[in-house]
Structure formats: C-alpha cells, structure tokens
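Here the chain labels run A, B, C and D in written order, and each chain numbers its own residues starting at 1.
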C-alpha cells in the first residue's frame, strides 16, 4: 500500500467516522430533548387515570391499565437512559477514530517545506497589536463601567422597619392575641424568696420533706418601674445606683482573706469571662461573659452563688457573624449590665443589646451596629424609668441613645460631635430633673434624660477617656490622665475648680461626705475637698488601681490590681480601717447588698460577707 | 483542502457559541430563575379543605412564654400546659394563674381534683394544685416514652408509646394492669405506634379510648383492657386520617364527640364517637408548613384549644 | 475500585447516651428474628489514593521534563500525554486539577473555616515549581485539559500577532474574576466552566458538553484555544516559565537558521530572530515606551475605579446578595409558590435582616476585591502595552519561554544533530 | 564583549526574578500549609437542613444523580402505611404501581411479621428526587433522607447541586466522616 492509498483510506475512514459521530450526536440530542420535554412518569394519561381511580377505587380493570402504562413508562425511562449511556460511548469511540484518521491523513499529506518569508513584519505587527490592545483594554473597562450604570444597589434600599410593619399587618385581624404571663415578671422581682429548686429524681413516692417548688402567684397589675428609692436599695448598674459609686448597704466586712476563705461566703465559677462588674436586684445578681463565638448573660442567686439561668445573646438581627477584634484587656463583655428589677439589659462589644426578664425570657434584642472601637466597646448601660441609655461613642459616629426598656426601640438619639470614649454614663438629679452625664474627649456634657437634649457641655478632657464621671455634692467630677480633674456645676455648666496633680486613667472618681476620691493607675489614692478642690490626703503605695473606689457602709472600698482591698474611713484625714487580700487580680468594681460584697475576677465571682 | 475563509467563519461561530454558553449559563442560573421542581411531591391538594366543612373559627391566641409547648389539658376550665421545663396554669381568658418549674423535660399533663400528673420520658411526676411535688413514679423501663395520661375516679391510665402498651395505675402510683390491645380473635394487631404519638382519653361517661395510630383507629377499652369497640377512618380525603401515625392527639368535647389532631398534614377535626366525620376545626393552611403537631383540649363551653408548638401559643377555636 | 463498602451503623454499641436525640424513637421488637439491615454508606475514595495521584503527577512532570529537555523526544511526550488523558482524564475524571486548585487555595486564605487538604496544595504547587525550573512541561503532558486539545490539533492556522495579544488578556481577566469569586465564597467559576470535565466523565449537563465540544472543534484549527485564551492557571505558569532555569530549545546545538521550524509550532510560540528594521524602529519606540510607562498608573487607577464601580454588579453573582436584592426589589416573589429559592428561604427561619446583613458583608468583601481585581486588570493591560515597545535582540529561532508548552513538536523539525558526547 | 555583558546582566535579572518567584511560591505554600488538614473533603447533605426540593435529582452533573435516598432503619417505624412509600391518596396498601410514590419504584416493601414491613431502597433505581423523603418526614419519622453516595460522586471541586441548593444543606465534610446519616448524626442545636 503506497502513500496515496493510505491517504485515501484515512480520508475515507475519517468521513465515515465523521458521519457516524454526527448521527450519534443527533440521536443523543433528540433523546435529550425527549427526556426534558416529557416526563413519562408524570404523563397526562397517567394522571387522568389515577384521578379516575380516586373516583372509582374498586375498578380492577382500571388498576390493570394503570399498572400496564406504568410499566411501559418505566421501561421507556430506563431504555432512554441506556440509550444515553451507550450513545455517549459510541460517540467517544467515533470521535477517537475520526481524530486518528484525520491525524494520519494530514501527517501523510503534509511535507516539510521551506517556508519563505511568511513572517509578518515584526514592527508593523507590534504597532497593530498596540492599537488592538489599547482598544481592547479601553473596551473592557468602558463596557464594565457602562454596565455599572445599569445596576442599582438594592441593599441600600432595605430598611428594617418596613418588614416589621408588614409582618404585623399580616396577622389575622379576627384573632385576639393575648400574651400569657407578661405581667408576672414584676411580681417575681420584688417578692423573691430564696430560690430552691425541686430536687430532681428522688425515687421516694412520698417526698414529704422535699422543698416547696418555685411558685409564683400572678399579679394582674402592670409592672411598676422602680423609683429612686428602689434603685438606691439595690445595685442596678455599674458603680451602683445612678452610677455614682455610692451604696447604702451596711455591715460590709472590712477584712477577709481570699486564699484561706475567711469571710468568703461562696465562690462561683462563671462559664465565660468578661470585664463587667456584677449588678444586683433583689436576690439576683447579673453578669455577662463572652468569647469570640458566643455571648451570654448569667443570673446568679446571690445567696447561694448558684447560676439560676444562662442565656445566650444570639440570633440577633444585624449581629456580625464574626465578632469584632478587641484587645485582650477589654474583650466583648466589658460593659456592665443594667437591671430595673423587671428586666436585665446587656450590651456586648458586637453592638448587641439584649433584654431578658428576671426569669431569663428574652424580651427584646437588637444590634446597634458594630462599634468601631480599637480596644472594644466598654461603656456600660444605665437607665431611668422607661429608658435605657447607651453611650455609643465609636470611631465612626458618636451618639447617645435612649431605648425603650420594654421594646428596645430607640426613643431618642442625640448625635455628639466628640471623639471615641470608654467611659460609662451616669445619672444626676439636677434640680429635680435627671441628666445623663457623659465624659469624652474633649467634653463633659449633660443631657436631659427625657428628651436627649444637650443641656451643657464643658471642654477640658483629652485623649482616651476611661474614667466615668461622678456626681455628688451638686457637682459633676470628671477626670482623665494627661488632662485634668474638674468639678463642674451641672446646673449651668461652669467649671468650679480644676486640678491636675493626680489624675486617674481607668478608675472613676467617687464623691461622699464632701470629699472626692481619685485612684490612679500608678497606685495613688487621693482625697480632695469636693467644694474647693484642696487636697486633703493621699496614699501612695500600691501596684495601681483599675477598679473604681466605691462607698458603702460609710466607708471607702478600693481594690488594687493585686486584688488587695483597702477600706478607708470617710474622713478628712487618712484612716485605714482594714486591709484584706482576695488573692485574685481585680479590675472590676464590687457590688454591695445586705452586708455582702460581690466582686468578680475573670470567671470567678466572690461573695464576701460574714 | 478546506478554504481558509471557511475555517475562520467556523472559528468565529464557535467563539460566539462559547461566549453565549458561558454568559447564558452565568446569567440564567440564579436563585429564583431556576425551573421549579419536576419531582415535587405536591401535597397541596391534600391540604385543601372545602370551606363548607370548616365548622369552627379561631378566636383567640394565647402567646406562651415557652419555647415549645408539649402537652396540654383542661380541668375545671383552667388550661394546664407543659413545655420547656415548665407547667403553666392559665385561665380560659389567657391569664397566667400559676407557673411551676419542673426539674425535667415534660411530655404531657393530666389533672384531677387533687393532683396534677406530668409525664417525663420515663417517669410520672405528681404535684398538688399548689405545685408541691407529691410523688414520682419511676417504675418504668428505660425504653419507655410516656406520651399520654388519662384519669377517672382514682384510676390513672398511662400510654407508653415506646413499649406500645397502656398501664393502669392507682392514684397512689400502684400499677394494676397493663395491656397491649391485642385481642384473641386477631381483629386488630394491638397498638401499632410508629412514632412518639400515642394518646388516650376518658370521656365524661367513663369510656376509655385509646388511639391506635398505626391503624388509623380509635379504640374503646374497658378499664380491664378488653377491647369494646373501635372505628377506623376509611377515607383518603379530609374525612379520614393520612400518614403513619394519626390521630396523634385527641380529646373529648362535652357530650362525647371527639376532637382529633393530626401530624403530617396538620389539621384538627371533629368526629362522633361512632367515627362519623362531623367537620374541620382547623384546616392545614392554619398551621406552619412542615410544622409540629398540636395537642388538643376542650373546655366546658365546647371550645377547642390547640397548643401549637410552632407558634408557641394556645389557639382557641369556637364553633361557628 | 468502585466496590461498595458497607458501614455498620452500630448505634447502640458506640454512643447510646449522646445520640438519644429528639428524632430517636425505639423501634419495634421483632419476634421473627428479623435482622435490621445496615445503612448503605459506601466510603469515599481513600485519602491514600489522593496522595497516589499527586505522586503520579510528580512522576508525569519529571518524565515530561526529562523527555523535553534531555531526551528531546516528541514521541515520548505524545505517549505521556495519552497516559495523562487516560489517567487524569478518563480515570480520575478531571477533578480536582491544578487549574481549579487556585480557587481552593484562595478560598482557604479568605475563609478561615475552609480548609484544604495537602493534596490540593501539592496539585497547585508542583506544576508551578516545575515551570520555574523546566518550563511549562505540565502543559505539555500533565494537564488533562491541555492534552485533550493537543491531541485534536489537525490543521492549525497561525493567528495574527495582534489577535493573539488581545485575546491573551482574557486569561488575566478570568484569573482576576476567579480569585474574586473564590475569595468571596461565591462561586468556583473555573470549575463551573471547565469545558472538558464533562467529556471525561461522559456525563454532564448539556451546557458543559456544548462548551467542551465547541472548544475541541475549535482546537482542530487553533492550537489549544482554552490553554492560550482562557486558562487562568496558565497565567501563573507563564510567569514561572518566563524565568525558568532551564527550558526546551528547538535545536540541540547550534541554530543554522534553516527556518524549518518556523511553521512547526501550532501555538505561535516561536520567536524569530529580530529584524534589523525592527531594532532600528525600536529607537523610535523609546518615546512610546516613556508614554506607556507614564500611563501605567493611569491604567491601574482606571482599572481600580471601574472595579470599585462594578462591585455591586459583580456581587450579584453571590447567592445571598442576589436573593436579598430579589426580595427587596420584588417583594411579591414571596407569594410565588413556584419560586423554590424564595420559598425555602422564607421557611428556613432566617430573617430578612440576617439575609440583608449577610449580603452586605459579602458586598463589602466585593468592594475591596473588585478594586484589587480592577487594578490588576489595568496593570496587565498597561504592562502588555509596554511589552509591545520593548525589543530584545535575538539571533536564533527559539521558543518563547512564557508561551511555549514544551510539547516538543519543533524539535522534530530541526535538522541539527544532537552532539555526541 | 558588550553582548556578553548584556547576557550576564540578563541572566542576573532572570535568576533574581526566579528567586523571588520561588520565594513567593514558598510563601503561598507556607500560608496555605498553616491551615491545612491531612484529611480530604467530600460533599454531603445535612438531612436536617434539606427541604426536599428535588434539585439533587435534576442538577447533579451525573445522571442519574449521585444523591440517593438512604434509609436509617433505626428510626423507621416499620409501618404498614408508610408515608414515604405510598402516595397520599393511595388506593390500597399494596405494592401496585398506582399506590407507589417513588417514580422509579426504587423502594422495596418486604413483609416481616405482623404488623411490620421493611422498606429497602434499591440504590440502582433511586434517582434522588426526595419524594419519599418528603413523604416520610411529613407523615412519618423521617428515616428516609438524602445522602450523596461517595462511590458515585466524582467530588467536583464546585458541586453543582450545592450551588443550587436553596437551603444550603450541602457542604464539604471530612472524608473520614463522609455521611450524615440520621440517628448517628444529630441536629446541631
């Protein structure tokens, strides 16, 4: 067989294989369309027959017909599947033969020829290619750019309220909806006895000595918001009633010892750590904890130290999927909770604010937008009457918010032109009206708790403001390291006095008995006359203070960073009443109730008392 | 040989095809643009109910502070509802009377004049009406699932879904009898309970009825466990029961008519004690898609209450 | 290989307490001695075999490099590529390949929750490492996408220079988009539009088949159209190969300028000796060089700007974004029972707020990603333009190290004998 | 001489570039290696998320689909009237075609003893349409559920059904735990 024969053979094979491929692919295509167009198992005939069977369920002949058709349909289905499979193998084989034949054909036909100057003129080619590249590049960019004009950002058009309204409207109007048990929470908070649980699984039939179950009698009255006296009787927020660091509880032990357990009534371990301080209402103590994955609020029986309930702050609309980055010494659970005896409110570094009733039922939750805060959000919550105040001074937008305690809706929102802050708001009763007082770089300012209107503002702070202001003796005290300590009259916004000898970095000042106390992070405790600002005494010995000084039982309590507690008399001369060691690093502020002091160190909660 | 121009045209056509296929697929294959399901199991027809057949209307909803209501009963016109780790007593006006926290996860509840019986998976907890625990009956096997309780004059009947039998206890927790519903002449196979739904109830005349969900039957037994009569639903439409485990719950109206609650296609219906279909209380469209089945109870006014776990509320239906 | 292995579901033996979940309900007790069958759960391909694949790839690459650079055997490379076609193509069914592994790698960087296995990383790295030392020998014989096209080349036509250069931009754009979509967790577009995987599986949706057949038909006249004008992995290989330590040469010794090899390359990857005219012209091109160099930042900025502008449009490919926008734009679809996606979303318990929030997060990612992708595309256009006015003095016919697939066709055309040692 | 210089300069640049490319490859490798597992990954369906939309049957790159129904016998009630086997409007409880729900008759019903029946999936016939799964989970215990069968699945890098799954029930799982069979796999709460 010579070359030309081979060529002819190859070309013939190629033609045959090509026709074969074409036919097979055509058949496959037909099969494909047949499969997609009609589903033999759901044919109309079948449907109508089944419908008929529904009407005449005993028709045996009809049943036979259905079964027959069913069998046919199934057969057809599997046959066509077989066809597809076999067809694709045939096609592959045909294509292989076709390709081989063509290759042989062309390799036999082609001869090595000396190419003459078929080469393009390089210079010309390059110039042409530059033109095309330019055109192509510009074309791609312009086309994409033009396409962007046809696209509209619908995400921006979305507002949460719209859907809320729609959901409410969708409820059936003919049905009266009654909330069961919404009125019981208030009763629980007030008349709370020690909460014993029914001992689980005692096998005895007659459990006569078993403790009574937790029963709450329902009261029909609407929940009453606490008045100032009730707030003072409890420890509802960061640094106690109104955030001023003064508690009226008595019989607080001045000495105890952590390592040996002296005067330590109980120690409880919390599931997760956090830098927030305990708050107390009745017999319930609340703290929160967080890590990057989850955030939780804990309710603890303050008599036994038992965790009554743990609730996760999850599934909050708008909450970020990944927690914002925070520094280790702030974390996501730095802000202290607030409770009004009806509900407990918590805010986390994710911007989630959540409210539970005293039984741990979630009342509302929302996200205020993830705070842009390079250490982590740390401003605690405080409330008065039906409003919960949130100081939301972040790197991106600063504002003071008042939320409705029952629903979480924003009552008012006051934008502030200040810088970021880590201080917490306090409340001050100025001339019978409550003001929310905030300390930030560069101003200290007071806002009407009712309307959110700014009443006064004083410049003078700078840098990263950590200490919260304090109110007492009719004056507001605010301080920040590298800035100043100033006393401001909140009635007119005038600075009464200023001093900058000792300045606090983290711990907030406290006012009592005509004196103001200041604790610095480098370990100096100072006492000033509140009215004049003259220094009365100082104590310079200690590793430093992060925990704020607090007043209870007419004494000044302060924990240093090593967990050593010093108790001073509230006198114009230095008088140390006692010194104790907890044996744990403390940076939170203690809470007081009924002869007991509660302090948190990371995941451990101590109850100190006799 | 092939013409060069032909090759170029061929190539251009191919390029267009490639671009068209990629762009077309990319643009078309988007959520909401995809074809609907050719294999869909369309249960819509089954869920259709003739409006004529609906003889009740929903009048009130009691929103519960409970994640998942499990069991419910009505005694003295007070609603006893269990769920989470709670037992709540609610008036028929929706006011919370009492809340008892339970140290276990409750299944169902039954109340008589002196006691409240709450079942857990494998035990019965007895409380007095103030919520004080009186006793705990633990003599059940580890393989029990106590899904129903009924009381009558000192007798406590307990349905065990897992072991497929009914126990009779005295009020003081003494077990007197257990029966599997098997009859000698093999008229029925005994209780067939494919899932956790196995309910029983006693009407005002003292007749014990037990649901046999595997047979779509309601069976009447003597207190000694002898089958007295039964009925099954023979219909494939709304008049009968569908699925594998229905009726999941049932209760009696004053006068003896039965209210049944079904899973799968969620619906509540009324039957005469003879098994004759009366009408629909709540049609499937009232419930959430793929929702959970509701326990049912009725009060002295003949109102029907359904504890809907999906809506976390007790739904009240009144006869039109 | 595809033997069914039945796994015993030994529920009772393993962990009875933990698994006592809600759906768990005691099953009947049988009297007739009935034994419950096992749940059918055939095991996936063993991990060891995946490592074996990597080993095979390593072998193929080594052999291909040896054949191209040392043995200089086109025949050997051809047989090796047939082996690749059979093994990586028809036997392994083309998943996952080095080309697609770019996306896995990118997603693993972008999403900490997404982990890749060592085999994927090796699949990605090995061809690049080989390219850095020996040129694109992976393309010659190791890539299942490449070899199938290589085998169907029948009558290659030489494409004009400008067309090659302009179409050559597509892989860069494809790469940028693929990385963008992978990094945002949106889509693996390289795999979605892989044209040949359907042919290897002999079972695929018809779009895939049409795409594959179209590419193969095209490949009869244009050598390796997918490799040259689509393959995003080729971009990376090209960068590596450009600076490869050793590379295939047309002639084993001295080029005698016989020009026999000029038509041998179906991929137009042979650089000719530079023309004196062009060299002379290059001096005039110096001015152009300055202009193009100055324009580089302009292109980059323009690209970044267009990228930024188009992020809304691009992000619409993401499921979440698309669904969120659909629901905002057409709230009425909520009542369309045939819209499975919307109905499923509505019954999933996910709220509209979380969906919109998720969509916004994705869109934010797209914002940065699109700017980077746009800037990259701008840079590529600028650099390609700049390259057009850089002239290198060449005296011999030699393969362009970036574009050459080391297939070895040209070697057969060279009349120069290999020098005997 | 001059050309030699040019040559060596070029060679210098080339090796510099080569080194930096090698370093960047090494960097990428190191970065990737830090979050890498030795385990392979395969696609699998979470039966608790699955809404039985039926796309597994139509959108898998394989035909018939690599998704099949799996029967977790542990959860099965062995009922006579199986919601996954019979059409909701069945004519009678028999294996006759007009009563069967499965479009390919892939479920085998076997009598065991009064009153129990075993339901067995004939895998070769199953197309993964999830009709029986929907029936079983609506009416029964949910012992039928879809799983991706790994002797069939080609483990595409981009799974076509995962992309179109409306409930995002399909995700990559470790190859060592390749199945989410109900009963041994519980819902994440």
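Please note the rule applied: a residue touches a chain if its C-beta (ideal position, glycine included) is under 8 Å from a C-beta of that chain, and two chains touch if they have at least 3 such contacts.
In this text the structure is predicted, and so the values were computed from the model without any measurement.
When the C-beta contacts at B-D and at A-C are tallied, the pair with the greater total is A-C. The distance from the centre of subunit A to the centre of subunit D, each centre being the mean of the chain's C-alpha atoms, comes to 33 Å. Here the spacing of subunit A and subunit C, counted between their Cα centres, is 40 Å.
Centre to centre, using the average C-alpha position, subunit B and subunit C are separated by 54 Å. Listed for subunit B are residues 31, 34, 37-38, 195, 236, 290, each touching two or more other chains.
Across the assembly, subunit C contributes residues 25, 28, 155, 192, 203, 319, 340-341, 347 that each touch 2 or more other chains.
Residue positions of subunit A with contacts to 2 or more other chains are 42, 54. Contacts between chains leave no pair untouched here, as each chain touches all the others. Residues 41-42, 50, 53-54, 57, 63, 66-67, 70-71, 74, 77, 81, 84 of subunit A touch subunit D in their complex. Subunit B contributes residues 1-2, 4, 7-8, 10-11, 14-15, 17-18, 21-22, 24-26, 30-32, 34, 36-37, 143, 145, 161-164, 195-196, 289-290 to its touches with subunit C in the complex. Chain contact summary for the complex, subunit D toward subunit C: residues 3, 14-15, 17-18, 21-22, 25, 28-29, 31-33, 35-42, 51, 53, 55, 59, 61-63, 70-78, 112-113, 116, 118, 120-121, 123, 141-142, 147, 149-151, 153-158, 160, 163, 166-167, 172, 175, 178-179, 181-184, 186-187. Across the complex, subunit C meets subunit B through its residues 25-26, 28, 155, 157, 189, 192-193, 207, 210-211, 214-215, 217-218, 221-222, 317, 319, 322-323, 326, 333, 338-342, 347.
Put simply, subunit C touches subunit D in their complex at residues 2-4, 7, 9, 11, 14, 19, 21-25, 27-28, 30-32, 34, 36-37, 39-45, 47, 50, 93, 95-96, 100-101, 103-105, 108-109, 112, 114-119, 121, 124-125, 128-129, 132, 187-188, 191-192, 197-198, 201, 203-205, 208, 239-240, 242-245, 319, 340-341, 343-345, 347-348, 393.
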